[in-house]
Structure formats: C-alpha cells, structure tokens
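Have a look at these structures, which come just after this line.
Each of the two complexes below includes chain A, the first together with chain B, the second together with chain C.
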Partner chain A sequence: MQTFLYEDIVPLFPELTVATAAIVLLMVGVFRGDRSTRSLVWAAILALAGALAILVQEPERSVIVLRGMFVADPFALFAKVLILVGSGFALVMSISYIEREAMDRFEYPILILFATLGMMMMVSANNLISLYVGLELQSLALYVVAALRRDSLRSTEAGLKYFVLGALSSGLLLYGCSLIYGFTGTTSFDALTDVFTERGTQPSLGLLIGLIFLIAGLAFKVSAVPFHMWTPDVYEGAPTPVTAFFAVAPKVAAMALFLRAIIAPFAELTGQWQQVIVLISIASMLLGAFAAIHQTNIKRLMAYSSIGHMGFALVGLAAGTPEGVRGVLIYLAIYVAMNVGTFACILCMRQKDGMVESIADLSGLSRNHPVRAAFFALFLFSLAGIPPLAGFFAKFYIFVAAVNAGLYALAIIGVLASVVGAYYYLRIVKIMYFDAPAEPFVRPIGGEMTVVLGVTGAFTLFYVFYPAPLVAAAQTAAYALFP
Partner chain B sequence: MLYAAIVFLPLLGAIAAGLFGRLIGVRASQLVTCLALTLSGVLATYGLYETAVVGPDKQQIVLFTWIVSGDFDVSWTLRIDTLTAVMLFTVTVISSIIHWYSIGYMAHDPHIPRFFAYLSLFTFAMLMLVTADNFLQLYFGWEGVGLCSYFLIGFWYDRPSANAAAIKAFVVNRVGDFGFALGIMAVFFTFNSINFDTVFAGAPAVAGKTFEFLGAEYDILTVTTLLLFIGAMGKSAQVPLHTWLPDAMEGPTPVSALIHAATMVTAGVFLVARCSPLFEYAPTTLAFVTVIGAFTAFFAATVGLVQNDIKRVIAYSTCSQLGYMFFACGVGAYSVAIFHLFTHAFFKALLFLGSGSVIHGFSDEQDMRRMGGVWRKMPVTYAVMWVGSLALAGVPFFAGYYSKDLIIESAFAAGTEVGYLAFYLGVGAALLTAFYSWRLLFMTFHGPTRAHHEVYEHVHESPKIMTVPLLLLAVGALFAGVAGYDAFVGDGRAAFWREAILVLPGRDVIEAAHHVPLWVKLLPIAIALAGIALAWQFYIRRTELPGALAKTHADLYTFLLNKWYFDELYDAIFVRPTKFLGRLLWHGGDGRIIDGFGPNGIAQVVIQLARRASLLQTGYLYHYAFAMLIGVAVLVTWLFTRTGGGAP
Partner chain C sequence: MIIPEIAFYLFSVVAIASAFMVVAARNPVHSVLFLILTFFNAAGLFVLLGAEFLAMILVIVYVGAVAVLFLFVVMMLDINFVELRQGFLQYMPVGVAIGIVLLIELVFVLGTWVIVPEAKVFAEAPPPANVTNTHALGQILYTEYVYLFQAAGLVLLVAMVGAIVLTLRTREGVRRQSAFAQTHRRREDAIEIKKVLPGQGA
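Let's turn to the complex of A and B:
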C-alpha cells in the first residue's frame, strides 16, 4: 500500500553506505577468515569516511522519512559526524593493537560498523520504536565487541556483565515506552509533542513514571549514576581499542538520543524531567570525581572520568534550553577529541612484554618519552578543564547555560566537582613528570598513532583560537530540536 | 626647572648606578652618582641664595597631576620657600660630601654600585619630602626615605644583626607612620584638602573647634597635630619611638652620617616646622612636643655616657640633639630648631665620618675600649673630631654654640612651665653632652692604647678621598653657625623666613630669647666647659675613677648601660605578646582551624569519600542490577516529592 519514493531514500544514504559495507565485509571475512582482518579494518575505515563524505554533502534541512520513523536534520547531522569520526579514530587506533596483541578477528571491524549503523539510526530516530531498534542494533554489537577476546577471562566477564545489565536497561526502557504509549496513545515524537500542547499542562502519573523509566534506560547508555555500574568493569575488561571505542562513539550517540527523546517530545514536561536529570547529573559528576581518585588502572580511571563527563554534559540537558543543548553538543565534540587523544596515549603504553595499563607504569614518562608525556599532559589538563585548552570551554558553555537557566546550585556543584576531578588528572601529570622513571615503553608508536595524536592534540590546544565553526554548527543543530 | 633639576638629578644617578651598575662598572657608578649629587648641591646653593635673598615669597612648580577624585585633588608640585631652600641646601651639600667620602670608605666592598644607588635614591626621596606641596607628596618622600633607610641599614645583608636592625627600624617607623597617616586623614577630614595652602589658610577658622569620637569631644587641631607629631617621633627617634636609631648603626658609617644624623631623622623636625601654621593653634600639642623633646634630649644624653661603641655614642647624641630641636619647636622657636638642624647636620656628619675614619684606621674596630693613643697617627681625623665635638658641646664660636644655646635660651624665654622644664633638662643634657663627647675623644685618641698590637701598628690616617670631605665638613662645623646666625634667628630672620614659618603674634620667643638674663646666657657655656673638665678628670687624670664610680653606683650604671631598659620593656609588652599571638593564630588559627577544616580537612573528607565510592563497585552483577532498580525507585520518589506528584 505504501511505496518508497527515491526522495525517501536520499537522506538514508550514509546509513545505507555503512550497512552495505558491513554486509559486504562480512562476506569477505567469512570467506577469507582472520587473515583479512587488517584489510577489513582499512575497508571499514574507508566505509566510514565515505559515509561521512556523503553526510556532509547533504543539504542542510529537516526531513522526516520512512513514515515518520526517521528524521534527518542538522542535529542528527552533527551527532552523526561525531559518531563517524569517533568510530573511525577508534578503528585507526586499533590497527597496531590488533597485530601485536593477536586480536585478529575479522568480526571486529564489522561489529564496529554495525554498532555505528545502530548509533546513526538512534540519533535519527523520530519514534519510540525506531529509537529502540537503533539502540538494540548498537547494543548487541557492543556486547559482542566487549567480549571479543573470548580467551580472556576479563574480556568475557566484561561482555557478559554488559549484556545482562544492558538487557535489564532495555527492559526498563521498553517498559517506559509502553507506559508512554499507554497513556498517550502514540509512539511518534511529533505526535507526543502535539499531545502535550493540546491537552494542557497536567500529565498523568503513569506517563511520568514511563518517562522516568525511559530516562533510566537512556541513562544506562550514557553511564550516568546510578546506572553506571557496568562502566568501570567493562572499560577495564574489554580490549583497550574497544574501550576507546566505547568511550567515544556510543557515548555521543546515547547522549544525542537522550537529547532527542527528551527535549522536543516532552518539552511541556520540562519542569518534571528537569528534576530527575539534575539529580542524576549531580550524582554522576560527584561519583566521577570522587571514585576516580583511588583507581590504579588507567582504563578504570577513564571509566570514572567518562561518568563524570557525562554528568557535566547532562547539566546542559538539565538546562533544557537551546543554549544548553548547544553546550552539550560542543561538549560532546570536545569530549570526542580529548578522549580519542587520551586513549591514543594509553594505547601507546606498551612495554617489552606487552600492554600495560597501570598508572604506576607512567612514572617518569617525561624523561623516557618527553613528547608522549607532553601530549598526555595536554589531554589530561584539557580533561580537567584547565584554560585555555578545549576542555575548559566545554565546561564553560555548559555552566553558562545552567546559570542562565537559573540552575545555580547545579552549576556550583559542577564547578566544585570539576575541582575535585582535577586532582586525579593532575596526579597523573605529577606521576609522569616528577616520579622516578619506570621501565620505558616500546617505540615507535606507529604513523597512524602519530596522526591521531597530532590531530586531536591540535584541536585541544588550538580550539581557543578558532571556536566559531564548531559553535555555529552546534547552534544550528541545537535549534533543530526546538521547533 | 632649577629646582626640578635639584630634586631629580639624584634620582637619575640612582637609576644609572642601580639599574645599570653592572653594565657601567664600579668607577662609573661612583662618578655618576657623586657628580649628579655635587651638581645638585651647587644648584641648591644658588637656589638658597635666590629664594632667601632675592627671590619671591614662594614658588609652586607643578610637575603633573597625581590623583583627582571628587574633592581629593593632589598633584606633584615642588613648593619652594625658604624652609625648603634651607633643607635642599643642607641635604644636597651634606649628601654630596658623604658620597665622595663613601668612595674611600666603601672601597673594598663588593657591592659598590648598589650602595651608591641607595644613597642617591635616599637623597631623592628626602628632596621629595622637603619640596612637598601637600601631605601626600610629603608622605611619599617620608616612606621613600624610610624604605631607603631600611635598604641601607640592612646593606650588609649577610649579617643577621644588620637584618634585625633594618627590620626593627622599619617596624618602629611603621608605628609612627601609622600615626602620620591618620594625621593626614584627619587633615582631609577637617579641611577637605591636603594641599598645604588650603590647609594652612583654613587653620585659624578651625582653631578651638571640636569633633565627637566615641562619645567624647576632642579638639580637632590638637588631635590632628598630635597624630602628625607621632609620625615625627617615629622618624626622628623621639622617646618612646627612639629604639631603632642606635641599632641602625649596623649600617655602613656613611649611611649613619647621612641618614641617621644629618638628614632623614630631621624630617620630623621639618614636618613640625612646615606645619607650624597648624601647631601654632594647638598649644596642648606644643606642650607635649616640648616635654617629649626635652625628655629625649636628657634621656639620650644619659645613655650616651656609658656606651662603648663609638657609633652608638654619637647615635645617642643625635637622638639627644633631635630632642633639642623638638623642644625648640614646642616653645615656638621653629626657626631656631631649623637653625640647629642646619648646624647639627654639619658637625654630626663630621663626627660620624670622623668616627668612620677612626674605625677604618683601627681595622673595623668600633669598641672604644680597644682604642686609644693614636692621636699622632691620624692627625686630621683627630683635629676634625675636636672641631665636631666643640661644635656639639656648644663651645663659643663653633656652629653648635649659636644654635644650641639659643634653643636653651628660648626654652627659658618661653616662660611657661614646660619651657622651664625643657630649660633645666636642656642644661643638664648639655653637661652630659660635653662629658660624653670628650669621653669619646679621650678614649679614642688619648692614653695608652688598648688595641691589639697588630691593629695598633696598622693604624693609619685615612686617604685623601676621606679626609678632604672631613675638612669640608669641619669648615661647616666651624662657620655654619656664625654665617647663618643673623639670617636664621637674628635680626634678618623676618626677611629670611617670610611666610615659610608661622609664629602667632605675641609668641615670638626668639626676640625674648635675645633678652634673657645674663646667667641664662652664660650657663650653657659654663656647664659645657665643666663637662669637658670633668671628662678630662675621669679619662686623662684619674683613669681609675670611671670604674670605681660604676662599682659604687652599679644599679645606675647598669640602668644606663641597658638604655633605661626600653628594649626589654618593649620586648615584654609588645614583641613577645605579638609573637605569642602570631604563633597562636599560626598554629591554632591557620593550622588547626583554617587548614584543618579547610584544605586539609576537605582533603581528608575527599579521601574518605573516594574510598567509599570505590567500595561501591563490588563486581557482583546482582549488586549492579539492584542499584539500577533502586535508582529508578529513587528517581520516581524524588520526582514526586519535588513536583508534588503532578497527577491530574
């Protein structure tokens, strides 16, 4: 009864590119086996780059296709660019790891592609159903990726934990969706917006509970407190390139989805969900700051760091204003750059006998590897939010938005939490620069790592001089959510 | 232009030697500062002639605006009247002589450019002080000389005693400066201006008016002038703020001569003279000034009797002479005070530089008990020390005779109770002055030597670069009195001072001082000669007498030797309680409370929280799932308590 028009397909080209590439590569992998892993990784990177190229060529507009399921607008564009860039960098960074650590399973790049596809669908979701489908596509791929090293106890444990808790969160999310559907009679975001504008301000009790369950499911994906418990274990247990991937693209996708699902459809309920977001935001910022202090494993520390950072990003969501959304988007962009850079440094922590991931192994890095130490310190300072590095501006936009929205307490707690958080970043800098040198790392780090470090480092360092393009893009993207 | 050059030439010298001393070298640093000062001195001599003899009443040279804020309007202005011109002349001439002398005295010091830069910078600050046209500019110079004094006392910064003395001088001066600052504020409060012209013109209208403070009425001018005088007491080492001056002798001897004898310490006297239009309307303050001055004159002379350090004797003598100047001001004889300031600058600089020459000759020995018997070995020094001492003791026709005797006569002529008190204390101090001056001379130069053999063999006359300045000062000590008498305090005084100093009609004690009874005129001379004779008896004829006297009057001797226990008293009253309070606030307040509850306490709490936060992460899957479900429950509860349910 319904025919798909060509025009309906055009906005889907980036997703179709990734999907097609994933299926083709899967076939290649099946027939050529693990020997082809290296070329598959490069092919996947090319596919992501191709999707990115198609994406940025699309005209800037808002179209809804697939019978209201899929929306292509500047907001989705912004998020997808970040997702593709993040996934691409994660793949690039894993190349040498795959070779040296013998993780040459051809499924790896393909799973990353499927996860990326899921994320792209997520951020373009315009319906609770398409939201869930995209989310699950992403999640299933991630569960497998986390447990990619089947022979490693830690890796399988991480994958299993992630899967069980993910299933629980999916249950919460679905329950929330069904409640919302039950009390409003629709799953479409557009229709939800209309429902509230027509009915007036008083929402029903069941709807609010449904909203909370929805938020809980989404909070799990961005690893916000108290749905964060999987994060440290999975970050530590998963292979390091996978951790780097986890820390970047899925976070961006989940946060974008969070914004998309909460801001526009439930705009009339801002007063209600704001309370909840403020609470989980504060909890995330504080836990991220305090729990990281005692960590000895750098990947675990980064897990808490990302919990904290998601807490900061949620501050912008709590503001509920275009300014706040813009802040979140800028935050995500800078977060991607900083985290890719930091994980590039962590992936360079290889001694003669293999990868190490203890903070103590970084002792005296500045004497053994001054350039690497300088880059690492740069990213850590930025993560701590010290001006004039990019990380400072990320926090700055967020806090300004919170203050303008009248959320003074939230802004103050956020600033205090970032002070506490600065401690554990600076502690690593201190260990690198002032402690007695430990066993040196292996060099060289490889050309692709140098490129990653250079690009992210330059962005972090020089953002202060040329912030306009990013701010303008984020601005356009943010206003797309406010009809 | 002329006066700006006088003031700023020393600054240029200071900058050249201070900032570029390493670049231009030692010799160039010395020459540039000495020549700048000498030029300044020559110009100041002409300036004194122009101002006092031919020139207009008063010049005000506006350099540029400093602060304009509402009613508060201050500019950098050079105020040139006779008082300023006299001070300019005194300061630049003495300072240039001391600069030249320092080339010889400091020849072996490793930090010569720094020393000369400080000396010149000090001179600049002093000149700013004396040319000030408002209280704030005066305060600038006041603090500038204080700062340079601190630098120079602590010049040998590797000596702990020098550092301690520098800090002591600075801190004690702060006490006075605090009063001075309050005084300036009181002036602004009263007159709504701090420019001298406005303030002095407004003084008669305010005389006798009162203001209320904490429920009591106070006379405005009395309070204001008292506060200003507290500043003067600090800078001019009057009891009880005198304790820093003897310790300041830790500095190099030329510094003692320039700063702690001839110029800086007289700033207080200058301040009182400059503010005579205010002080004249505050008789209570004047009485207070008289008492403080007279007491200081006597007190310092008694302490000077028993000191053994040659420089300390002269330091106490300075303190004592400043007391004379103050009680002269107190009885209304401001011009006599300035006259004494003028003559004193010459003979006291001479005495200091002479003692510097002695110290130099004795290989840096300062204790008179290890000197003696060298008058043939250093004839020039010996001769000029005699001249200086004669001038100090007020023996006729030397410089001090003209000024000091007139001060004593003025005190008598004032005819008030405090005047008589000052008169008797002044006469007593004159006896003591003569005695300790000749004690110094006899112990230093006469008798069998008590120096070590090698030291004694090595004793020699100082080089020409030191003796020529001594001779120049000796000329001043001989003739400054007779040359200036008529203009400063004689019949020409009205034409000389004009409006620079105000004395209310009917209070002209100088005129009265010229007509005191003969015995009053003769008494100081007689008593000075008696003092000299007594010293001869004690230290030449019967050298066992001092020891015997010290034994029979042991209590008095230790009392004097310990300088009336002022330092011990201050230590007990101020220093130790302050230290105790400081330690209490440091350990208890800062360490325990602020650090304990602040940085350290917060850090402790953070560590505890961090530990607990880490413990939350058990690793058990069911804990994690449980936390998620509890989380949902908490969020639901939170939402409904915060928004009141939101149900329709």
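Let's turn to the complex of A and C:
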C-alpha cells in the first residue's frame, strides 16, 4: 500500500489553510453565536491573507500531486491570487453593511471561505472529477449566501433561482463529462491530451457532443450568453456585498477553469471548440452592450456589464494561443480591480433611510460628494475602456491576441460592442455630473471603504505607468497551460 | 447452475410487478411499501451480479433512509393524491408519445454504440478475482481518491451549514430544558414553608 509523502501535501497548504480556518471559525461561531460575526469576518480576512502569503512564497513550478487530481502551476497561482484578493476585498466591503442591515449571521464569512476554497480547488483541478467537486463546493456556498437575507423576498428568490439554474447547469456539465469519459476512457486532463495527440485522427461525434455540454456548463458559470438568464436577477436580489463577491471571485475562478479545461486537454480539437467560443463570445458582448442601456437599477446594470466583460474575456480564449490566454488573465486581474472599486462606490450609496440602488439616486453626485463622484467616474471610464485607464489595456491585449490569431471579425465586433457599451457607462457619468442633485448620501463611508477605494482607484489609474509585473506574471501563467 | 437463473427470474418478476404496483396502487402508503419491495429485489439482482457492496448500499440508503423518509412525508402531509391524479388521462397521450420517442432514441443509441479502441488503454483494470467489492473500494478510497473524498466531505458540510442557515429560526418563548439549572436548584428556591394557624386555613 502506497503512503502519501509530505511533498504531496505541500502544494495544498493554501487550500488547507482556508479549509482549516473555515472549520475552526465555524466552531467559534457555533459557540459564540451571531455576536461574534464582526470578529469572524476579520478572522476570515486574516485567513485569506495567510493563504495568500503561503501561496506567493511557494517556488514557481508545475507539480501534479494526489494521483493526478491536483495541479499546482503558475497558472493556478495567478488565478488563486486573484481569487483570494477578490474574496478578501468582498469581505472587507461587507463589514459595515452586514451590521447595518441586520445580516450579521456568523455563517456568512464561513460560507465565503468555503466558496473561496471551492474556487481554489477549481483552478487547480487536473481531472474532470476534481473539477466537478470544486465547482460544486463553490456553487453550494454561493447559493446559500445569495439567499442569506431569508426574510427578504428578493433575496430568497435570487437564491432559489440561482440554485435551480445552477443545478441544471451542473447536470449539463456532468452529462458532458460522462460523454467525454465514455468516448475516451479517461477523466484525467493529462491522459485526455495524450489520447488526442497519439491518435491524431478525427474525434468521434459523441466526444464533440460531450465537449459542447462541458462548454455549456462552464459558460453558465461565467454567465455567458445564452446561459446568462440567472445573472441580472441574482445580482439584483442578492445583498449588495454578496453581489460584489459574485461579480469578482467566482467569475475569475470559472474563467480560469474554462481555460484549463479547454485549452490543454482539447488542444487538438481547437478548430471544433473555437467556433462555439466565438459564437458565445459575440453574443455575450452584444447582449451585455445593448441590454444594459435601459436598466434603471445599478446592480442590474452591473450584471449586464459583467456579461459583456465575460464576452470580451472569451475573445482571448477563442484565440486559443498563449497570447490570448495571457490577455484573458490580465483582463481578469484588471476586471477584479475595476469591479471591486465600482461595488465599493455602490455600497456607499446610502441615504438616511437605507440603501438605495437606483441610477436616478446618483443624480448630481458631483455636487454633493465630489470625491466619491470622481472615483465612481474613474471606475466607469475604466469599465468603458477609455485610455489611459487600466480597462483600456485589458481590452487591448485581448483584441491584439484575437487579431494575431486571425479572428478579425471577432475583434471588430468586440470593438463595436465596447463602443456601444461605453454609452451606458458614460450615461451614469453624465447623470452624476450634469443632472440636478438628488438627496445626498450619508457621509462617513468608513475607513475600510476608503482603503478599498484608494487601492483599486490607484491600480486603475496608475496601471499605465507600471504594467510590466502583471504582464510578466500573466505571461508565465499562460505558458504553463501550453506544454 | 439453475439456481442463480431461478433467482434472477424471481427477483426480476417481483421487481417489475412491484414497480407496476407503485404506480397502480390507490393508497400512497401502499405505493411506498411496494417501492421498498422493488428496492429489495434490485438489491437481489446486484448480489447476483457480484456487486454485493452496491446491494447493501441500496438497502441501507434507499430502503433505510430514502423510502422511510418518503413514507413519513406521505403519512404526515395531508396530500390528496386522488386530486393530483385527476389530469392523468388527459396528459397520458403526451406521456406515451414522449415515451415512444425516448424508446426509439435508445434503440438508435444502442444500435450505433462504438467505443474507441485506443480508449481501452486508459480504462481502469478490473479488480483481481480474489478481492471483494468492499475491499477493493476501501483500498482506493483513501489512497487514489483521498482528495475527492475529503472534498466531498466539505461539500456535505457546506450543504448542512446552508440548510441550517436558511431554515433554523430561534423562536422566542420556547421553554428549553437546562440540566445545569435543574441540578443546581436548591430546596430553598422551590419550597416555601408556611405556618398555618389552626382554624384559619392556608
């Protein structure tokens, strides 16, 4: 009987940190009750920071451990750093909200930790089974946090909708996995790569159908058209800090999983899946641009915005080259920063009688709160992709990769969609700066919000001067996927 | 040689007959009991196939947990099954049509079943003859699949936490038993001695 070596466990230390912290905090919460929520949130942030510290200390290498189930490589490292940072920011932003809005259930930070753990397992999956288990750990925790305000009709509706549609997509994904297993005889990503390179013939029809189902399941998780229907309702119904979390970390994890599951194992089938990705990418970009125009609720608008952004990120996947993957990773990093900043601004939209989330409430923000309006405008300009802000470079890398891969039509449609998309971002800026002032918001926004706004704002504004470290890290990560 | 065959036909006939009765029985409690009989027969078929572990799991999980839970639900909830069944005849043609379509699809699928020859290389080797199912599963559960086993445990933990978060309500005014308070109650707290004067009553 073979035993496990210490070396097998070392790459799992970040995951083990998060898992242990979640279980310990669960016990603390059970014994101390909801009074301890605030300290538990800080402890969870500390655990995420600890996992991040362990993660970045590890030497840069590619190892596959635990009988081929788990892979630790620069790609996983890059995605995990983004996930941990995104989850940490989401928790920081929620501290004052959960106390104010009577959402201080001690399970909240623990469920976020479990969701983060699931995401880390997703991006390190090297097997269809570990892919699914990680995905399900993440999704289950997300369904629950979406419905965390169980006395609010919209929150429970969001949770139920997310759960039913999520279960459906998991079914599609599993069906695809079972077809792939049935037609190749393996679930391991490495073995899948070998099957195709050794054979070198046309793949069977059943395998292609399995691949399509797999893509459909993954497209649901990144909320790409036509699997996006849940997104606006869930974003609108879920409590705002939870929406902020949804918009950041799970998107990064699902997109990274998409890259890992499609690029290397099915490299020989690029011609087949490329058409599908191009189609859903175009549909997502166009729907994200056009459907957002008539929205009046800022959270709903951000949902359509995230659909559009995932469409842009999929352009890089469609290219299927190391350059494209590098573009997707840079895009995700910048997307995390912009979205955290935007949601920090949305979380500051609080009037005397509570949170507001209508775009009309932002009228004349520049006269009531000039600094806040400036930050909000900065993030919106960046989301629209106006140079010299970070959002422009995100799109730039993606479209360059698409053009170099010969996908001219895709790149042109992408640029056009981003022009349409700029309209609704700029409309909010116009409302903030040129409309008659509405009721002012409550003034002190809290120290942690100031820090979040400062950090993300600085990243968005000054990325242009110092892009090299991010590009280099994304480059290393991207090449890890191409053997 | 003949005994396994007799057992196979016995289990199969009873399984199909009781499965039919699940649908046909008028009393829902009888339906659930027939369902349990079906599970037992399916377990018998598994034993005949040499999958004794699956047979036991079927009995423990399906009969022991799922069917009994189902029985509780049927008995505790006052569901009018006659009313639920009213539209049955009306929808039957559609149901039959879908059934036929599925049957044809199955025939097509099974008729053109091809397994890539190269795939055999990657298929797991069958367990050696002298190792039982349970033993074989035990050997790989904590070695080959330890990562997935632990991860599945976490998924179940999250499911449990989620169920509690979404349903548990702490109600006011519920009298709970506190063993500590009970054992620390002293005689003076509970009993008061009153002097009752004769002729005046309490």
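Note that in this section the second predicted complex is superposed on the first by the 482 of 483 C-alpha atoms of A that agree within 3 Å, B and C clash if a C-alpha of one lies under 4 Å from a C-alpha of the other, contacts with A are read in each partner's own complex, and residues count from 1 in each chain.
One rule holds in what follows: contacts are C-beta pairs under 8 Å (C-beta built on N, C-alpha and C of every residue); 3 or more make two chains touch, one makes a residue touch a chain.
Quantities reported herein were computed from a predicted structural model and do not represent experimental measurements.
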item: First (chain B), second (chain C), both or neither touched by A:168; value: first
item: Contacts of A:290 with chain B and chain C, given as first, second, both or neither; value: first
item: Which superposed partner A:5 touches (first chain B, second chain C, both, neither); value: neither
item: Partner chain in contact with A:117 - chain B first, chain C second, else both or neither; value: second
item: Which of chain B and chain C A:144 touches, first, second, both or neither; value: second
item: Which of chain B and chain C A:468 touches, first, second, both or neither; value: neither
item: First (chain B), second (chain C), both or neither touched by A:436; value: neither
item: Partner chain in contact with A:226 - chain B first, chain C second, else both or neither; value: first
item: Which superposed partner A:136 touches (first chain B, second chain C, both, neither); value: second
item: Shared chain A contacts, counted only where both chain B and chain C touch the same residue; value: 204
item: Chain A residues within the chain C interface of the complex; value: 1-2, 4, 19, 23, 26, 66-67, 69-70, 105, 107, 110-111, 114, 117, 121, 129-130, 133-134, 136-137, 140-141, 143-144, 147-148, 150, 159, 182-186, 191, 195, 198-199, 204
item: Chain A partner contacts - residues on chain C that touch it in the complex; value: 114-116, 118-123, 139, 143-148, 151-152, 154-155, 157-159, 161-162, 164-166
item: Residues of chain A touching chain B in the complex; value: 161, 164-165, 168-169, 172, 202-205, 208-209, 212-213, 215-216, 220, 225-227, 229-230, 232-233, 271-272, 275-276, 279-280, 287, 290-295, 420, 423
item: Interface residues, chain B side, partner chain A - complex; value: 606-607, 609-611, 613-614, 616-617, 619, 621, 623-625, 627-628, 630-632, 634-636, 638-640, 642-643, 645-648
